[in-house]
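Next come two complexes, and both contain chain A; in the first it sits with chain B, in the second with chain C.
Then we have the complex of A and B:
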């Protein structure tokens, strides 16, 4: 057994025990390694920031987990079928999407997840940058291999948007809302960004990388001054920090749920939930399209994820891409 | 000036002259290098298979070009704006698409073209193999970077299908026809296969690789016995070999024309031409869809490239993917 998997097993045992002690002999039996080896791994875990109490004749007890997004910490108690079975943690990388894309090209399994503490070149939509300071947020990229033609790929944007909004609501109680076609907002301010990238041929997808950045414990002064849209973080909204590890675990579970639901039942249940999380239903909006601005009332989404707009003439327009701006007045 | 670009310039000079001689002094002046250097490059060209006549006091004359798909040979007289400005020739590769994709990731310019004499792992649609013997056919991959969202990518299938059919007709006079959604046929037999691959995010394409394989001078016994569809080559249809270099040049020109037309005027003129090249318009067909077989009469294409099928009930169905089989009887 490698040191890494030994530590993972020890953390899993601590997790099972909760606040109780687990003896060195028990750990030794469970892992099939010597007590001296166990002691070495306990020391290694302490260096990684785990607060582990040791009491003679009682054993070890986990008092606190570091809020570092280590695979073992996230995977302890993780209940997923596909997502996050393999987690790669990087203290620093150019872009988790880039790293996951490269893994995808070399055949990494579905659900492989790349998480970084810091991104030097975090990618946003349309070649923009995603502000990625160290130690405070979640930056992750999850590789999936759905057996669908490439024209279905835009649907996956709705899968990750719903998963992120649900994870924010579940872990903070804050009313997260989705923005068409992607991004997640709280009170009209951007709290998460989504950038899905794919490698595909016309009739099938090789793989998709769900790129997800969520502002968790970032302070107001950490945002760059030139943001295109107003932004926020869970910490700013709540007035306190949140656990990054707990958030990451919740997010992977939500993504596992919504992605598997999509594979099983198609995009309809995902779009139904997305529309509940969408603030602009039945609202007057203006959409900046490649053909110019268009005004109308939002009438929903179709099965391709296109926005349906009811024009003043009564005609319905199907919008596949564009920037949506709410106008005053609900219909 | 590198040896390679010197040879390219010399070939361009020969091409301008046609059957006339060009003196060593003229070449020397045009290239700004010594006559000894010219002589060295003439020798190098002869080794590559160029038949160059040398006559004292008259100079050099190109009698015959080898039918090797060398960049200089294809580029001599090539009239394109975007496609084939950079050509990479490989005697052997696993897959030209793979090579072009890797070039795309490292920032190669739009129009970069990878051509191989032999592919050890030639890719067909849906993970199938593309039979790629050496010395007889065309295997090429062309990198483009259209500024369009990824849901438009399937349209590019029609761009390359029309270009390939036109190139076959122009260089052989044979009535090439298109198959929905891709591939090119002569008399119902497959003569060319298309495999477009892309790297994209939801709202924009990073790049697309047009993968094109055309059976030019392959003999009947060179086809594998287990082909899914009947296949043919230009040589089998014509009863004589065709020039691979001339075909490659024609193909790059057609692709340049249709791709630029798409960028300028959208997909409509491409789809209009595609429909003229499509044998199954107004025909009774059965389509194998993921939801089961569907029968009806082909009523055309919509702007997304979906096949429009008129069902016996009179309803119109939009088919995005599937295998089409003609049934007896035109409506």
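Then we have the complex of A and C:
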């Protein structure tokens, strides 16, 4: 019997027993292996995040099935060629972006992924915070080293936006939409926030970190009262929890797909998909730009991903930074 | 003369035993003098009427030549120019209510952050590649910058 199928059978025994203990002797008989071998597999399961209690003379009891974002759990069945080959899991960190950036500076390989259960300083644009309670959501940062000119790097924003929206749709069936440039919304409420950071010289990119926060199983009361934008989670939308591990795996696979597609075919297919996921076309919006607020009608995307806004004067403005907010009522 | 040509010229001179070099053309006069373990380079400013001699502005997304001329225009004899690697928005601080990363006169160590340039939520922290002193800040906070725009004038330390 392979170790993997042994662990599967042990878990099946635990599930039969519910909250009761299973003795080492019982497991040993059921599987036809020694108690030492059983002990080894229990240890292996613990490393995978299963919370298994052991009490002398009573045996083992499964206290909690993990939905812990452990590398082994995510990598089991992970189908990627670049992303997530190395996964670093942190129970707690200031910011996964910060951690990934530091790894990038010390030469970590492309695709290195940092995932945390809790962030004390999850960040957004302009020093804003990303609410990051423990045990419920996905907070991850993925390091890539694209061989493209630095001025092309902002295009990567659309790569991770499409990947996150696709991962949400695939794992929940919910209609995820994108808001320029890379927020992901469900029913107009923000479910994911993305912030990418780059280390580069004029000619050459050292690395880019894709920062991704997704509200998976957060409850309404866990959101801070002073949110800038209405927010939601998959759990709030679905009325049930989703598997964080399965979501993480799906997300890494989507990112792997869209990132490689971009490297191979350029940004056009990524922007085409992004526009299908974008529902503010021809809508009145207000954009809080670094130079002040602008109102107008969304006229589309430029070929580099800049947002085109038709101003009341009829002029077109190319937007490269800002918060987009839909205004009630059409033009 | 463009910065890269000037650099090449300095290297050419310093690779020899020549201690003093002078060159004059219609637009500029260049003097390179070498003291003990120290090079003194003087470039007389182009005549005011002359528009930047090199590289006409280039339209489109591959703006490398424009970048060089912009950098050259802002350059001075002993200063380096820190330029923007992307089109975006220039931020002098990590958050609107935070202190700026640096001011004129700040000493910047290798690896310290000069500023952030943001484009489409890609944040690019511009880091110092050598120790230097900030001589001039060439852009206002929260202003748009082009690829290759000069951001800081610094003195190498």
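Keep in mind that, in the parts below, the second predicted complex is superposed on the first by the 251 of 331 C-alpha atoms of A that agree within 3 Å, B and C clash if a C-alpha of one lies under 4 Å from a C-alpha of the other, contacts with A are read in each partner's own complex, and residues count from 1 in each chain.
By our rule, a contact is a pair of C-beta atoms (placed from the backbone, for glycine too) under 8 Å apart; a residue touches a chain by one contact, two chains touch by 3 or more.
Source: prediction; values computed, not measured.
Following the overlay on chain A, a clash is recorded for the pair chain B and chain C.
Contact with neither chain B nor chain C is seen for A:32 once the two complexes are overlaid on the shared chain. By the touch criterion defined above, A:125 lies against chain B and chain C together after alignment on the C-alpha atoms of chain A.
Of the two partner chains placed by the overlay, chain B and chain C both lie in contact with A:200. Of the two partner chains placed by the overlay, chain B and chain C both lie in contact with A:321.
In the superposition on chain A, A:157 makes contact with both chain B and chain C.
In the superposition on chain A, A:77 makes contact with neither chain B nor chain C.
Contacts of chain A with chain B, set against its contacts with chain C after fitting on chain A, overlap at residues 125-127, 150-151, 153-154, 157, 181-182, 195-202, 304, 320-321.
Interface residues of chain B, counted against chain A in their complex, comprise 125-127, 149-151, 153-154, 157, 181-182, 195-204, 206, 304, 320-321. Residue ranges of chain C in contact with chain A, taken from their complex: 61, 63, 67, 83, 85-89, 91, 94-98, 118-125, 127, 129, 142-144, 147-148. By the touch rule above, chain A contacts chain C in their complex via residues 125-128, 150-151, 153-158, 181-182, 194-202, 208, 290-291, 304-306, 320-321.
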